[in-house]
């Protein structure tokens, strides 16, 4: 069943068009990797789905409901949770408070405490410093926190803009492990901007490559990695 | 020209409007009377207006605007600071200017120049009057001075008080303090008064609206029963319900708005004022507006011209010139009243009433006033 | 890759446009305006000086200052001390030191001295305050305003206290006003293309990175503070000559907010914004004042009720800011090239996320 | 001893007023980075709402006649509605703009309200009598303390405790603080941001009404400019208390009140007129020593 | 440590944040002309160490020396004048200014005239191959370009030392290769001592001559890339146990590419 459908969306920043007619479909429980060179529009795509950057045309449908132009909180409440690029922790709030912000929209109040515990188990460092203001954390610690925070919202679709950003290799492993496990347990759908094609290949799933605001290549991650076309498409010919 | 133009460069909007309007209405009443009686030098007086918007720069423009319409007399805002810019324009144009009710010595020769006058009485005279009267008539011996440092007017009252006190043989200043008009609370000032070994006989309160009400209320709420002496700025009954049953409270006024003025003509004027404006005079600050037209018109009649120099010369000859609201004296040194008859209004149980009148025994020296 | 033309050649049109536009206004006013209207124009020129002075500090440093009007106060009183005839001073300002009591200087001399006085004061006080950043700095400047106002309002023997002091020879006309505004624009322009100006603009939203770039933030802020104090000190001096009376109430909150509003309405990060903010607001105010006085239309006079002008100006300010939150100039400078079209630069679009990081 | 006690109470009561003001400012600053310069005019508006519009010198009392159990809720409601309206009509459109722009917009709004009141009521202060019995002093360890002071202090403490608990312990409070820090991110986590902000405005408006009531009771007057001073001090208190710290803002409000009272009580007579210069000077000194504010949360200092 | 003394040294540095030991007795030297790596788990204290070396973080104990000159307690901007430059983990460009001005600011901050600074900025942009970005307002740059501009800003007027805090974060493999080439040129052509913090372990192994490994504020290992790759301690603390196969392919590829 299609959980998220992006149909022909276009996004402009002033006179610069960052996305030109992007169409995507993600089924429930699927993993979709988005990759592409610098400035391709990957972050823009995620932000547009989350409703923080207005889409100029096209439509976005989550679970059958058209959400184009809806407010970010409405989209979040439909189960779309985005870990944006550049962290965005609430610096003045403690780690624990950060984790709890997104739980307001959950219906299963009872499970919040359990989930909190399991996040703490995964990232013991967060547990140790749960009363520390998040602004004091190191870059990687903040990244762990925002991933944990998005998970605490118990989303149906989780979108992460470069999960590995600033994380130590060991922690990246761990993050992927959790995501893969949750996908299995809860049919969590994943939409991940990932620069490491090796990582994508190892995780499995589908992959799209964006360049110049368009999807230029699409396929199973494992196949695409082998495919020479990835490298070609990545650099493009003649433009740049 | 077949008419005489009087220009009002006063506030029709903004903060000063509430203070300029009543005096201006009184001035218009006098103008109307003169016109009905055949005019001045046989010509009708025509008033023209420009709004200062309670702004100094705008005040100067308003002055120019009325001068450009041919004003022979420029009437400027009640307050010295707001009136001066227009008055200075009049001075520069060689025209007479009158402050509606400014009570600072600067509203005249020292501040504006030799063609500038004020129709009211100096603030210092109020402080001096109240202390001398309280000393002589109420046997007050210990005085406490409480100054609201917000305006020159307030300081003026206390200056008069300071000048008068050494002249009162047995009077003693037992304490002195300051506050600011917009202080949310004057609790600590009150604590200081309450800390005195004995409550003073009188508190000289040098302040004005709106802080005055707050201060008076807080003083009485703290249980201090001393007589409170004030300047004219707190005259009027409109605020009395804020301090129910206020007693032992004294204000000097040029005329009574309470209908009990010893001079029946004043009471008549009050009626007329009500007819014209639809409301009773709210405080004695209505009256100087009437006085100024009165004295200026007399000077014009005597000079047989509206020429500024001639009119000023006539004005400066006035010595205890009677007006409805007390005598007026102008000299070459001072275009303001440094001595004046005041009615004393006493408020008892929330009811203000004229109880006495008093003229200070000595003029306050011009040097003293100018140096303050 | 082409080398860029020099900074001056690239940007010099901006001050030229501004100065010429003001010159035209001055000439028209002189030619056709009534005396009262001439005063309005002079007032506008003085406001331009103040707002341009504010821009030098606020625009380049990004710190909001509530304290600059105290420099106007300093300048105006210094002019009063210097320009009032000694006879008058010896009566009202007895506390002045003897040498000051006995001097009387013409406007051309008193004005720069007043500017310098404000600048020196800013230098002393700025060494302390400029260590602060962000809103703490704003509050400190607010404290400065409070202190200066309180001292000037109560130091009776030197400042005459609350009351106005008079006697400043009234020597002002549109040409002098224009000259003042021109001086302010030139100084502000030179500052903003100076090394210090560029360095300070860099500290505006990335103080940390600026110090990693070798910039001494405190020093650059101090320079801007002093330059702006000088300009505003000059404005204060001219204001004193304009009104020929000074009192501390004129240099307090109301003026602070009115001038800040003009700056923000124009666009606080550009010189063109500073100037156009004043011009547009002045024109609007004058327009509504005239509407209040009444205009005759076919025999009828329509007049707004008294006091409607202020309400209208407040409402218009809000609406303008709503639609142009970065000001009328959108924080850009007037220039021939590309104006009024957008300049061909990729500019960040304010999206919720970009803005926050 | 009683003198000291008296001073303590004076300081506390003046401080409470500033603290209540600071709460109102800090709350909005907290959620929107907006320094609401219209707050002072909200205070005045609430007071004038008790009077019938008229430019006569004598006030025509209107709502002011109601019994306290109706008057107080009514006034709080008026404050809340005014504040909410200002959010919906004005501030909502400034969500993503520069704080300076917002500040000037708020100042312009205050300017409009002030001149509206001026037009409707004229600048002459009006008198209002509210609960004269609150003016009576109560005796406490030899000191005479007006009932109103006691009430003011109590109200402040209660409001403070309730508000802090609300912000710290409830989900709404958490969301409010999150939205304050990063509005968009909070929305992306499902926080209903508009609701949160409206709530903050409503509380702030009620605080303005409360201050208005206290000021009116204390001074017996309604004056156009009556909120301005409290607003300014409150603004300063918000900053030196430590931005984003509600208890800090309150504590700083108390401190400024105390400083003002203590300077008034201890400065020699001739220096007393310079009291405010001392207070502002002290503010600058405090800022230099603690630029993040006295009670800044640890996070207020950005790490590199 | 090198005998010619041309190095930037942190000696026995400790930093504490309210009970948390961010750095304890860390000693690290960055030689001129070479590339030194600094790796370690998240929160190990890497950024804190850079902050210490650039004057943004006062030390609790220990000292900082620049080519023999002690530098404790010196302000950040003065250190930049002495030739210690850095980038930030979070970009920190001057968002309102065009890219070229971002660079120019540093030149001006270091005492150049604007004309010289502009010329230098353009030279640096060209050197980095990003002249096309010169007139873009920095706030509009995508994440990866931000990093390149940040490096450009840091190498204005050729510093003696350059401390890079995760410059390759968010870059694809290809992009980080370009970056690697640039870093190598900075060290080689400009004779700059580079300290590189990266979680892209392949990049670090490929570039660095010497690598320091920091964990919980302590140096747990120092050595050549080969030594570090083989260290159990590092593997355990940092790289993750199962996934070390991630490393070889990139290194191999890099060898091919260069």
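Labels A, B, C, D and E are assigned to the chains in the order they are written; within every chain, residues are numbered from 1.
Criterion: contacts are C-beta pairs under 8 Å (C-beta built on N, C-alpha and C of every residue); 3 or more make two chains touch, one makes a residue touch a chain.
Since this is a predicted model, take the numbers as computed values, not measurements.
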Find the chain most remote from chain A, comparing centres computed as mean CA coordinates. B
Select, from B-D and A-D, the pair of chains that is joined by more C-beta pairs in contact. B-D
Could you please state the distance in Å, as a whole number, between where the Cα atoms of chain B are centred and where those of chain C are centred? 37
Please tell me the distance, in whole Å, between the geometric centres of chain B and chain E computed from their C-alpha atoms. 76
How big is the gap, in whole Å, between where the Cα atoms of chain D centre and where those of chain E centre? 48
So, what's the distance in Å between the C-alpha centres of chain E and chain C? 44
Can you tell me which residues of chain E touch two or more of the remaining chains? 47, 56, 88, 90, 140
Identify all positions of chain A at which a residue touches two or more other chains, and write them in rising order. 13, 16, 52, 72, 84, 86, 88, 136
For chain D, residues that touch 2 or more chains besides their own: 118, 182, 184-185, 228, 273, 275-276, 298, 302, 304
Show which residues of chain D lie in contact with chain B when the two form their complex. 3, 6-7, 9-11, 13-14, 17-18, 55-59, 118, 122-129, 132, 135-137, 144, 146, 148-149, 215, 218-221, 223-226, 228-230, 261, 264-265, 269, 272-273, 275-276
For a test of understanding, state which residues of chain D touch chain A in their complex under the given definition. 171, 174-175, 177-178, 181-182, 184-193, 244, 297-300, 302-303
Under the definition above, what is the set of chain C residues touching chain B in their complex? 34-36, 39-40, 43, 88, 91-92, 94, 153-154, 156, 161-164, 166, 170, 242-245, 247, 249-250, 289, 292-293, 306-307, 309-310
Complex contacts: residues of chain B adjacent to chain D: 13-19, 149, 176-180, 182-185, 187-189, 191-192, 194-195, 209-210, 213-214, 217-218, 220-223, 236-244, 279, 282-283
What part of chain E is in contact with chain C in the complex they form? 54, 56, 75-78, 80-81, 85-86, 88, 90, 92-98, 100-102, 104-106, 108-111, 113-115, 117-119, 122, 126, 131, 134-137, 139-140, 153-154, 156
